[in-house]
Amino acid sequence: AGLVAGLALCTGCTKSESDASGSNSSAAGGDSSQVVATPGADSKTCDIATFGGKKLDLKTATVGFSQSEKEANPFRIAETASLKAEAGKRGVKLLTANAQSQFSKQISDVQDLIAKGADLLVIAPLNSDGWEPVLRQAAAKKIPIVTVDRKINATPCTDYVSFIGSDFTEQGKRAADEMIKATGGKGEVAILLGAAGNNVTTERTKGFEDRLQEKAPGLKIVFRQTGEFAREKGQSVTENLIQSKPGITGVYAENDEMGLGAVNALKSAGKKPGDVKIVTVDGTRNAVQGIVDGWIDGVIESNPRFGPLAFQTLDSFTKGAKVGQDIVIQDSAYTKGNATSDIGKAY
Amino acid sequence: MSASGVEAGRGSGVVRGERLSALAQQHGALVALLVLALVASFSFDSFATGDNIENLAMTSSFLAVVALGMTFVIVTGGIDLSVGSVFALGGVLAAWGSRYGALVALLLPLAVCGLIGCVNGLLIARTRLAPFIVTLAAMLAARGLMLNITDEGATTYLVDKETVFVHLGQGRLLGVGAPVWITGALFLAGAVALRRTRFGQNVYAVGGNEDAAALMGAPVARTKITVYTLSALLAGLAGALNAAWLASGVTILGYGMELDAIAAVVIGGTLLSGGLGFVSGSLVGVLLLKTIQNIINQIGSLDSAYQQVVSGGFLVVVIIAQTWLARRRRVA
Amino acid sequence: MTASPVSAEVLAVRGLTKRFPGVTALDDVDFSVRAGEVHALVGENGAGKSTLIKVLTGVHRADEGGVFHRGEPVAFGTPLEAQHAGISTIYQEVNLIPLMSVARNLFLGREPRTRLGLIDFRRMHTEAHQVLTAYGVDVDVRRPLRQLGVGAQQMVALARAVAVDASVVVMDEPTSSLEPREVHTLFGVIRRLRDQGIAVVYVSHRMEELYAVCDSVTVLRDGHHVHTGPLAGTDRLTLVSYMLGRDLGEVRSEGTTKFSGTHDTGGEPVLRAENLTRPHQLRAVSLEIHPGEVLGLGGLLGSGRSETAKAVAGALALADGRVTVAGVPVRTGSTVAAIRAGISLLPEDRKSEGIVPGLSVRENIALAALPQLSRYGLVAESRMDAVVDTFMKRLRIKASSPHQKVGELSGGNQQKVLLARWLAMNPKVLLLDEPTRGIDIGAKAEVQQLIDELAEDGLGVLLISSDIEELIEGSDRVVVLRDGAAIAELRADDVTADRLMRAIAQAAEEEASTEEEAATHG
Amino acid sequence: MADVALRNALPADRAAAVRWLQEYGVYAGVVVLLLFNVAFTDHFLSAANFRTQAVQVAPVLVVALGMALAIGTEGIDLSVGSVMALSTSLLSLYLGYGPWVALLTVVVGGVVIGLANGTLIAFVGVQPIVATLALMVGTRGLALVMLPQLKDVRDPTLLSLGSGDVVGVPYLVLIAAALAVVVAFVVRRTTFGRQLLAIGDSRPAAQLAGLPVRRVLITVYVCSGVLAAVAGFLSTARLSASDPTSLGQLMELSAITAVVVGGTPLTGGRVRVGGTVAGALLIQLLTATLIKHDLSPSWTQLAQAVVIILAVYAARERGKR
C-alpha cells in the first residue's frame, strides 16, 4: 500500500501532452446553462402545501446529492461540477455520494444522505425503477427530492417534487432527424447501443427507431450492438461492423464516446470523412470537434449543467412557490452549420 | 503410561496456542469491525444513530444472504462467480411472478436459480471442470437469460403491491425490516447446517481433502451439487427479497456482487483453499465491507475516484490485519 | 458381523488387468481372501499391490477381469459402495482430512446424532476418546488431525476402518509409520478381527510382521501373480526369492540389512547444531555430526525427531538455536541458506512435502540443483539429462521414462527420486527422515548401502528411522529424543537394540542418565 | 487372439482421441469457428478482417500471458484490468516527455502494482484472489485520481504504433506475438520457469527443496503487472485516447477465460502458452462472430457461456479411474 501511495505522490512531476484545443472547461459555463423547454402554463406544478413539507431557508439547509456514475465522463463531470459550483455560489452545504454505477449502492447512498441529515435531495438516478425504499424513507421525513437527468417512476409531488432533465426519447427522435438529413433517408444504419438494461439506452433507441419508421422507411436498421457507452467498445464493435457490412451508410451512437470510437474505427479502416454518416448524442467538446473535422454529422445535446436550475427549483419550492413537476430542458443540437461557432458551448 | 501423560500435557500447550490462533482466525474480522465502528462513531455524529445502523443492516442483508451461500461453496474449496447475475435474475423473476401471487413470486426465482446452481454443481462434480470457469459461464448465462426476459433490459417488471410478497421486503417487525430478520434466520440455519449436520461435515471434508473424503466414503459429488445449488438458491432468494424491497425487478443489479461476496467470506476467516470456515465470519465480513462504504459516505465529500482509492486502501489494511491475526503455523 | 463358513471366499478377483497410460500395473491377476483369514499381499515397490487394492475397493475400475464379493460379480463405482458392501480399507497414504478434528475424522459419515438429527458432539467426543485410547492414542480429540504425527494419524485411520461393520478389512502398509508399541496394538486388533470371522488383507514390506500375524500369502511381481499359499509353509528366503524373481541361493548370500560396520568418524564435526528451541516442540536440542558418521535419532512417535531435522534444514522458524556447517554459521529458518551451506533434508511426508507430483521424474530430480544446472538463468538441458540419467541408473528408479509424472510412480520409486534429488546436490550433510519407509526389501537394501557409501565418502548423515534394527545397524551413534529434548546418547558398543529400547522407554530415564552422559552438550 | 486385440484396440483409440482432444481441443475449436465464419459470415475472408481480429485480440493476449504465469503458481491476478487503466493514466500524464519516457513510467507503474500484489501474497500470506481484488479496486481509483477524464493522445509515434504495420502485420500483433514467444521460452527453458511450475504444483515441496518461493512469486506478479501495463499502453495507442474509466473493465475475466480455455489448469503446476494464445483467439473469434451476426446481448452472453463450457470440457483433465 505504501508503494501505491508513493506512486500517487510522484505524480507531481507529470507532464502531459500540450492540449491543442486548450483544456476542457467543465464548470458551468455562463451562456450554456440550461434553458427550460416548455415553461408553458399548462404543465403540472407542485408546491410545498400539496407536497406536505415545511418551508425552510435554502441558505441554512443541507442538500444531499447522489451521483449515479463515476465522475469520469464529461457529462458526469460537468453535472457534478455544476451542482457543486451552484451550491458554493449560494452558500449551501452540499453532501455528495457516488454510486459508482452500482444501483444497490445508490439506494444505500441516498439512505446514508438522509441519515446524515440532508434536508433536501438532488438525485441523478442510475435507474428509473426500484426507488421504493428511498421514497418511503424520504416521505416519512418529508424530504423534497428533485431528480436530475433521469426520471424516477413514481408519483410527482407525492413521492418527489420534480424532475429536471432531457427527454431521451425526444433525443432519439432528433438524432433520427439528423440521420435522415445526412443520409437522404435511404440506406442501412447501425445503432451502437448503450449499456444493456439502462433506461437511457432503451429510450434513445425507441425514439430513433420510431422516428425512422415514421419518416424514412427507406432507412433500414441492420445492426444493433452494445458499445456500453465506452469509446473502446464502440471502436471494436464498429471495426467488426465495417468488415461484415462494408456498405453501411450511417451509424447512430447513443453517446459521444461510442461515436468517437466509431470514428477511430473508420479512420483505421481507411475510410474518408463523410463515407459513413455518424450521429451521436451528448454534446461533448470532442464530438463537436468531430463535426468540425467532418467525421460526425450531427450531435444532439444532452445538457448536464443542472446546478442553477436545480437550486432555483429547490429555492422556489422551499419558499412556498409553485414549481413544475416535469421541467424538461431545451437541448440544442450541433450540426455542420453551427459546430464551428458553438463549439465553445460544448462541455 | 506416563509417557502419554506427558504427551497430553504437552498437547494442551499446543492446543492453547492453536485455540488462540483459531479464535483470532474466527474473530480477526470482528476485531477489525469493532475498531472501525468505534473510530467511526467518535468521528461522525451521524454514524452511531438508529437510522444509520438500520440502513447498514438493511443494505447488508442482501449481500449477506449471498455470502452465506458462498461460504458453503468456498468451504468445499470451490467458488461461485455466478451469484451476482443469479441475484439479478432472481429479482426480475420475482417481480414478474408477483403478478401471479406471492407464491409464484417466491417459488419461481427459487426454482430457476436452483436449477442453474444444480447445473453448476453437476458440471463441477461430474465432469470435474474448474468451479471458477463453470460459474463464470453461468454468470454469463444467467445475465443473458435475465436480459432475454426483459427485452434486453428495456422492461422493468414492477412488484404487485397487492400480494403479501412485498412484505418480505418492506415489512417490519419490532422496528427491524423483514429482510434483516430473514437474513438472521438464514444465518442461524446455515450455522447449524454447517456445524451440526452430516451434510456440514461432508462440506468440510470435501474442502479439506477431496480425495481422502472420497476414500472415506463421503458423498463428494452430492455434496458439491448441493452447495452450488444452495448458493444459487440463496442468491436467487436474496434477489427476490431485494425486488420486494425495491418493489421492482431492477435489471442493472448484481454487477461485481460476486467479488464483494468472496471478499466478505474470505475476510470472515474462511480459507479459499477450503476445509475451514465459519458462517458467522462471513456475516462480519459483509458488515465490514458495508461499514467501509458507509464511512466513505459519512465523509460525504470525496470524489468518486478517491472513494475507490480509499476503499481499496481500507481493504488492503483489513486483509493484512486479518491475515496477521489469523497467521497460522507455517507449513514449511 | 456376518460370520460365514471359514472356507468361503468373501472377496476375490479373477483375471484382473489394469492399465495406466504407459504401464500395465496388473496383468491377469487372481486373488482371493476367505473369512477369518489374514492374507498377506507382498511384492516389491510397484508390483501392483496398492493398485489391486484400489480395484478391489472401487477407486479404480478394472480394464479386464472381475471382482467377486461372496461369489457374486460386483463392480464398485466408488469407495462408498465398497464400504456399504462391507469392505473397509486403510489406504497406503494416510487419507484423512487434516483440517478437521480427530473425532470428526473418526466419525465422518456415521456421526452420532441427537433426536433432532443434529450431530451429538459430546457423545462423539467421548466415544472418540474411548476408541482412540484403546489404540494407544491419547489426545484431545477436538484438535485438528494435522497436529498429530503421521503414526497417530495412521492409528486414527485404523480405528476408523475397523469401527465400521465390515466383513473385509484391507490394510495397505498400515505399519509403515507406526512405533513397535503401536504395531503391537495393531496386531491385537487384527487377531480380534480374525477371531470374529472377518477377512483381513494385509500389505507390508516387513517380513517379521507377516510371520507374526498372517495366515496365507500372495506374491505379486511386476503386475503378475507369482505365488499364493499358506505362510506357515513358506520360509522367508523363499518368499523373498519370489518377490525378487531370483533364486534362493542368490538371496541367501545377502543379509537382512545392507549396513557394513562402523565408519571412521574422526575430525571436526561437519554439522553442529546447538540449542535448537521452538515453543512446544523442541527444547534446547544440540547435535554434532562428524564427516563420515551416521548419527541416528531415536525416540517415540512425536518425540520431535522430524522437528529436529526440519529445524536443522531451515524449514522451521526457531525461537533460539545455532547451526554451523564445517565451522561456518548458517542462517536458521531459511531452507535456501541451509541448502546453500550443504544441508539436505529428505522429508518424512513425501506425498505432500517431498515430490512435486505434476512434474516429471527428470524435473523432480533436478529441482533443487537447478541453479547449478543452468547458466544465465537458462536450463542446460544436456547437463540435466546427464545428471538425471546417472541417478536414475544408480538408484534403479523404475519409471516408463524420465518424463513420466512422479505422481504416477509407486511409493518406493518416489522415495528414490527424492533421494536422487538430494544426492544431485552433493551435500555435506544429509538428513534422512524415514528414508526406507514403505520401500521394498530390494530398494531398502540399496538405500541402506547407499547411506553407507555416502558416509564413507565423508558425508555426515542424520538417520531417523522407526525401524529399530535399521537404526541400530545403520548408526555409529544414536541420540535419543523424548518430549522435544535430547535425553540420552548411545555410543559405540552401547548402540544396541536393547539399550535403545531402554533409553526410549520412560522408566529407564534415571538409569539412562547415570549410565550415559546426558546428550545435551553444555 | 485377434479378437482380443481388436477389443483392446478400440478403447485405446478412444483414449488416444480423448487425449488428442485434451491437448489440441482449443486449436480445433479455433478452426471450427473459422470454418463456420467462412461458410456463414459475409466478407469474412479478407486480409482486413483478419487484421482487425488480430489487433483486437493483441491486448487480451498480452494480459493473458501474465495471467497464465500467475495461474501457473496456483494464483490469480484480478488487478490486471485496473493496471491497464493505471497505465493509460500514467501514459497520458508523462507523454509530454515523449513516448519512451511514458512507456518507462507505464512499466514502472506495472512493476509497483505487481510488487504490491507479490508482497501481499508472498510475505503477508494473503490469498492471491483477495490480495489482487483489493488492488483491483484501489488501482482503478488511483488511475482515475491521476487522470479523472478521458484524454486524447496525439503523439505521432504512439498513434503509428497503434495503427501502423510492417509488411501488413500490425505492430500490435507483432509485439503480442513476440511477448508470447518470450513467455513460452521463459516457462520452458529457464530456471525461473521450472521453479514457477514446481511452486504451483506443490508449494511445501518446493519450499523444502530450497526454491526461492517468495522471490519467484513476487517476480510472477511483477511480470503479470508489467504485461498488463504494456497491454494498457498498446490499447491506448490503438484507441488514440486514454480512458481510465472503461479501459480494462472485466479484462481479468477475459484473460482468465483465455488461459483456462487454453488448457492451463487453475490448480497450478502447468502453463500452456500456445493454448493461451489459442484460447484468446477462440474468445475473440466467438465475440466477433456474434457481433457480425448481430445477436442481441442476451443471446451473445448465452452463446459465450455455452462455448466456454464446451471448450473447457474438451480440454479437461480426465479423472483417472
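Chains here go by letter, A, B, C and D, matching the order in which they are written, and residues are numbered from 1 within each.
Keep in mind that, in the parts below, contacts are C-beta pairs under 8 Å (C-beta built on N, C-alpha and C of every residue); 3 or more make two chains touch, one makes a residue touch a chain.
Remember, predicted model here, so these are calculated numbers, not experimental data.
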Of all other chains, the one whose Cα centre sits farthest from chain B: C
Between chain A and chain D, centroid-to-centroid distance (C-alpha), Å: 35
Separation of chain B from chain D, taking each centre as the mean of its C-alpha atoms, in whole Å: 29
Gap in Å, rounded to a whole number, between the CA centres of chain C and chain A: 71
Euclidean distance of C-alpha centroids - chain C vs chain D, Å: 43
Multi-chain contact residues (two or more partners), chain D: 135, 138-139, 142, 144-145, 148, 204, 207-208, 296-298
Chain B residues counted as touching two or more neighbouring chains: 147, 152-153, 303-305, 307-309, 313, 316, 332
For chain A, residues that touch 2 or more chains besides their own: 1, 4, 8, 70-72, 196
All touching chain pairs, where touch follows the definition stated at the start: A-B, A-D, B-C, B-D, C-D
Partner chain A, residues of chain D touching it in the complex: 41-44, 46, 48-49, 52, 56, 92-97, 109, 112-113, 115-116, 119, 135, 138-139, 142, 144-146, 148-155, 163, 235, 238-241, 243-247, 249, 288, 291-292, 294, 296-298
Partner chain D, residues of chain C touching it in the complex: 20-21, 59-61, 313, 315, 335-336, 338-340, 345, 347, 352-359, 363, 366-368, 370-371, 374, 377-379, 381, 421
Complex contacts: residues of chain B adjacent to chain A: 46, 49, 51-52, 55, 58-59, 62, 147, 150, 152-154, 156, 158, 170, 242, 245-253, 255-256, 290, 293-294, 297-298, 300-305, 307-309, 313, 316-317
Sites on chain D touched by chain B in the complex: 78, 120, 124-127, 129-131, 133-142, 144-145, 148, 203-204, 207-208, 253, 256-257, 260-261, 265-267, 296-302, 304-306, 308-309, 312-313, 316-317, 319
Complex contact set, residues of chain A against chain D: 1, 3-4, 6-8, 11, 14-18, 20, 24, 26, 70-74, 77, 193, 196, 222-226, 228-233, 235-237, 239-241, 243-246, 257, 260-261, 264, 267-269, 286
